[in-house]
Amino acid sequence: MDLSKLRRAAEDGDAPDAERRDILKAATLVGGAAAVLGAMAPRTAAAQPVQVAQAPALSDKPWWPHPKWGKDDQAGASNWITPAKVLDAVKGIKDGKIYRIGRVYESAMPKYGERTFSVRTTPTGSSYGANRLIGHEEFLAAEVAQTGTQFDGLGHIGIQMGKDGDMTEMRFYNGVTEFEMITAYGLKKLGIENCKPIFTRGHLFDVEAVKGRMLEAGEEIKLADLRAAMTKQNMKEEDIKEGDALFFNTGWGKLWMKNNDKYNSGEPGIGLEVAKWVVDKGACVTGGDCWAVEVVPNPDKNLVFPVHSELICKQGIYNHENLDFTALIADGKHQFAYIFSPAPIRGATGSNGGPIAVT
Amino acid sequence: MDLSKLRRAAEDGDAPDAERRDILKAATLVGGAAAVLGAMAPRTAAAQPVQVAQAPALSDKPWWPHPKWGKDDQAGASNWITPAKVLDAVKGIKDGKIYRIGRVYESAMPKYGERTFSVRTTPTGSSYGANRLIGHEEFLAAEVAQTGTQFDGLGHIGIQMGKDGDMTEMRFYNGVTEFEMITAYGLKKLGIENCKPIFTRGHLFDVEAVKGRMLEAGEEIKLADLRAAMTKQNMKEEDIKEGDALFFNTGWGKLWMKNNDKYNSGEPGIGLEVAKWVVDKGACVTGGDCWAVEVVPNPDKNLVFPVHSELICKQGIYNHENLDFTALIADGKHQFAYIFSPAPIRGATGSNGGPIAVT
Amino acid sequence: MDLSKLRRAAEDGDAPDAERRDILKAATLVGGAAAVLGAMAPRTAAAQPVQVAQAPALSDKPWWPHPKWGKDDQAGASNWITPAKVLDAVKGIKDGKIYRIGRVYESAMPKYGERTFSVRTTPTGSSYGANRLIGHEEFLAAEVAQTGTQFDGLGHIGIQMGKDGDMTEMRFYNGVTEFEMITAYGLKKLGIENCKPIFTRGHLFDVEAVKGRMLEAGEEIKLADLRAAMTKQNMKEEDIKEGDALFFNTGWGKLWMKNNDKYNSGEPGIGLEVAKWVVDKGACVTGGDCWAVEVVPNPDKNLVFPVHSELICKQGIYNHENLDFTALIADGKHQFAYIFSPAPIRGATGSNGGPIAVT
Amino acid sequence: MDLSKLRRAAEDGDAPDAERRDILKAATLVGGAAAVLGAMAPRTAAAQPVQVAQAPALSDKPWWPHPKWGKDDQAGASNWITPAKVLDAVKGIKDGKIYRIGRVYESAMPKYGERTFSVRTTPTGSSYGANRLIGHEEFLAAEVAQTGTQFDGLGHIGIQMGKDGDMTEMRFYNGVTEFEMITAYGLKKLGIENCKPIFTRGHLFDVEAVKGRMLEAGEEIKLADLRAAMTKQNMKEEDIKEGDALFFNTGWGKLWMKNNDKYNSGEPGIGLEVAKWVVDKGACVTGGDCWAVEVVPNPDKNLVFPVHSELICKQGIYNHENLDFTALIADGKHQFAYIFSPAPIRGATGSNGGPIAVT
């Protein structure tokens, strides 16, 4: 998601042409300012093994230190990836088939707001040596961790506590503040280099198949949908273990580079109900065939990407966006080893890369 | 390597200060123009199962079409990664331990020539929604596939056949010409998106341990060194199978961010003797703890990165540079599953990422 | 203009959505391959004081060395800017009023093809010193010399002589070849740093006013239109002197950030007839309120930006694109001192900046 | 100057090699925390026609609204550039000679801290049309307004009032707060597009000539030095008028690309005494042959770039850094028309470009 764009939409009115249309759409997603936050409250009221912390608007209760990983942790849910976990995932590899579940990166892909993805080839000139060597390189200018298939890290999303604009009260995972972490040249804390390589069991919920159609923007995936998918797919809920990765297929990915405007205009995805369940399951990663994995706009128009707040910021659960499950689904594979090792750019908020599912 | 820099070193004389020193060093590496190419000839004279093609200076014989992968292939040695290969690699995973064998990316890392790696954090502004969401992104400007731990793809290296400057005679893997593949916005052929995810068996040759010291720039790793390493490491040569990845540890990596000037000034590595053996073994990938994996300067001063020419361009074998085997060596692990799935940037000459070894 | 885009349009078919539409439009502009080049011939047949060289398809006659500036010259028509010329321009400054004739640079402006213009603010962190200093910077990733108001330099446009793809026969101003000038890090010859600051007399031809309407894409400004404009504006042709700058207002600039799609789809502008007159007049710079100043598509469908070939490449005349004459026209000012001093980025093909007219 | 670098120097210790040396040097410049701020107090105690506002450490008195340009002004001292001012500057143009007083931009130039200046040429591919057009472009990735010859705008420097990290109390020119102006995509207020083109009288003080040597880092230019320069140069102080530009030559520029390490390690320049005089004179722009124009480190070790705070932030006076007066001095020209029209990148903190002096 593109926060500056949202802000500008609210405050300015000077964007041109097609861009203006996108902004207005995005602004609409954010919704009005009047409604109460009641929707969240009941969902978080019951005691839970790992509690979904409340939004700060509802409570001043901090979510830090992390109850399981401790006050100094910067690796979040990647801590689940132990040797035992790896071996557990390896056990599921039966046929040796690798599925690419990420997309090809290119400038024409949907990019939210003003994000850039620009590749420039640099030329071959004369040759070198008696072997007459020539060669190419290329230069990339991009929001590299936040364009295309992207793995959101723990420095990506935070919550403003206290007074607006107070960097000492902008809180991220484990309570790290903006004031402690920010530099112009990468984050001093919570950079993606702290995330351990992910090699775990993956479970895919094909909600599109359950519904028999692509879900629509603003359509929330409910826990009942996931249970229907498990039934249809012959999966058992108790087979989902701590540290596993959970993937949601909505069909929205079919719009990729076919209808970028619609793709960016909102999306189906999980809401706070499923987010709570994700936390209860002790997931390591969530992922989906949409750009935010969560439903946009949220059914509660007062909330902006609340699943990001709950999962990334409060729990340290990573989020893998813009995935493509087409080949897995074609082969009827809903469980697999999910392997993704982020490019450890110091101080980055996430990672691009080439995620794979192995069956 | 940085080709434009080499060329400028030969032709200009106007670089300032420390940069001039680097250029002159690099220029020295290329060596004089007088010596004959005799060194290569005997090495390639004998018939081989998969022949090392000769440098065009020695022969006009084209190396295309690829004898095994066919005339239209763009995936090169990643074609070795079949389900059977994956299962073979999986079999070697016993303890579930993941080793990161790539380095953290940061602007202070050694970067050859004028390459750039610049990360800029973009700021958190005001918050959004009743959940008061805030966030960061960052912008990267970099030779993303050719800085830090980098996986050289098949569009990276070619050979000028025919007349200098003739783009229709600049030949890459499978004979693709510069004229067919070049655009300002990425390559139309041989882009890294054509490389299949790598999940194979890896073998590490710790030549530093054999020598009892870090190898020096210009010091060539010989086949005898590899055989000594195998003996020392209890590895058998016949255990190396087609499609495996071969890694060379020289100790040069100890200079990383400790002495960047020396690190960039040249390097130890394999030469044409080992390159021929690599081809005979049917390797999928070569890798090392240096920036080019091959010896620089080459003992034959007339040759510039000839191993790149032979392996990448003629054979389609990938090359993984700037790796770090410290933890593997500390644990005495010389064989492992090597997993690397390139970020499929359309038309790119390689990939950064987070390569792992799993034991 | 964006050459790679044109080429890809001809060869590929894989661009998505709106982008595809733009490409197809551009491809249409280039026109079919069958028509003869007869249109150009008569225009260049007559002897001229400074001859418009013929297109290489018509003649193999080289245009170098430059008859006036000599074989080693890299400054082209900026050589007209002598002290006498400056004093002549200064004489015309009567009221001291400065007009900005360039546009504000921003990502939402029309950008041809895949060009990028991305600005990223880097954040203020903590303060420094007892004076508690804070600050911002920003990072730009852009085709900086070829986006927005842009001043085309002499390394921008060349002509392929000889065989396609032969870099030793790609010729630019004064016969410089691609092979001599190219590096990945800027041009070794004909970089914009060779252009002298421009301080000269400017003449504006308001063809929109003559026509009483905005000109349309593909509509060529004829010499008769310029003469009508001079009459209407009380200007005399003999008052145009060697080294002056000539500007053409078409009304197309009214589409800027109002209808970027139409703006980019083509444009009115000068053709080869006026180009020849421009050369005869010994102009230093041409400029206009369009993105190429010349008519696109050219009435002769076989020609692609032929005015660029004739003026920039063969004559060394600079071209200032995407200007805005609104305020000058509102004040009835058609003659002025035109001042533009390029940002001397070594090896760049042009310059952005803040051109002014002073009356 | 590079603020994040300073901050990191204070807090971290992990930079490598040569870079670490630079950081430590910079950190040294900032000085210890113990000394009192007495030095500033007497300089600002006396009443002045245009008062130098006190540093917030000394006083909580805000410097806004601007007493002359009003509360909504965003153009600052460029408001001095009226038609009368232009005509006054034009009067001084006698011989029509143009001097470039900016430097060529290239990656090897001194760049403070981690700033980047990277140019990449994009290649010529095949030709277009019967006229066989080819061409180049280039891509720039840079702190474009803060590398090389740079013109600091009013969004560049601010002062933290109130609590550290409170963006609503980070104040810039005319009291604009960080919270109001910041977006990831450029500043919403005080961007350089608000600066009017500068065409004014310039006065050069050749302090190097007065001293008979290059000044050294940390050596403050005093008012007495300027008066000695005026005497030596046959200039009268009363000839300096409101809206003029004041330039200081120290000789430090001789280090440019000759000894970048020394160039970046500190610099001679003006201090608060001359800054006050600059304000009293009603200057439009200050400039120099150093990277900050002001003395670094400041003789008062508690202050970090206090002249920037006083002139840019409080007064709205622009600062032109990394200029080159060599040719002017060689010709004995100390007064001239100074012409600089910033590239109006929306929301940028300054501008690169090609400043000229015309005599």
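To keep things simple, chains are lettered A, B, C and D as they appear, and every chain counts its residues starting from 1.
By our rule, a contact is a pair of C-beta atoms (placed from the backbone, for glycine too) under 8 Å apart; a residue touches a chain by one contact, two chains touch by 3 or more.
None of the values given here were measured: they were computed from a predicted structure.
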Remark   = Ordered by label, the neighbours common to chain A and chain B are C, D
Query = Same or different: do the copies chain B and chain C touch each other through matching residue numbers, with over half of them shared?
reply = same
Task = Could you give the separation in Å between the centres of chain C and chain D, each centre being the mean of its C-alpha atoms?
result = 32
Message = With centres defined as the mean C-alpha position, give me the chain A-chain C separation in Å.
response = 44
Key: Two or more partner chains touched - positions in chain C   = 3-4, 7, 107, 114, 116, 118, 120-126, 137, 139, 141, 164-165, 167, 178-179, 182-185
Query = So in the complex, which bits of chain A are touching chain C?
reply = 15-19, 107-108, 114, 116, 118, 122-123, 125-126, 137, 141, 179, 182-184, 257-261
Query = In the complex formed with chain D, which residues of chain A make contact?
reply = 3-4, 7-8, 11-12, 114, 118, 120-124, 139, 141, 163-168, 177-179, 183-185, 188
Inquiry  = So in the complex, the part of chain B that touches chain A is made up of which residues?
reply    = 1-4, 6-7, 30, 37, 55-57, 81-87, 90, 93, 95-98, 100, 102-107, 115-116, 119-146, 155-161, 164-165, 167, 170, 178, 182-187, 193, 196-197, 199, 302-306, 308-309, 339, 341-349, 351-356, 358
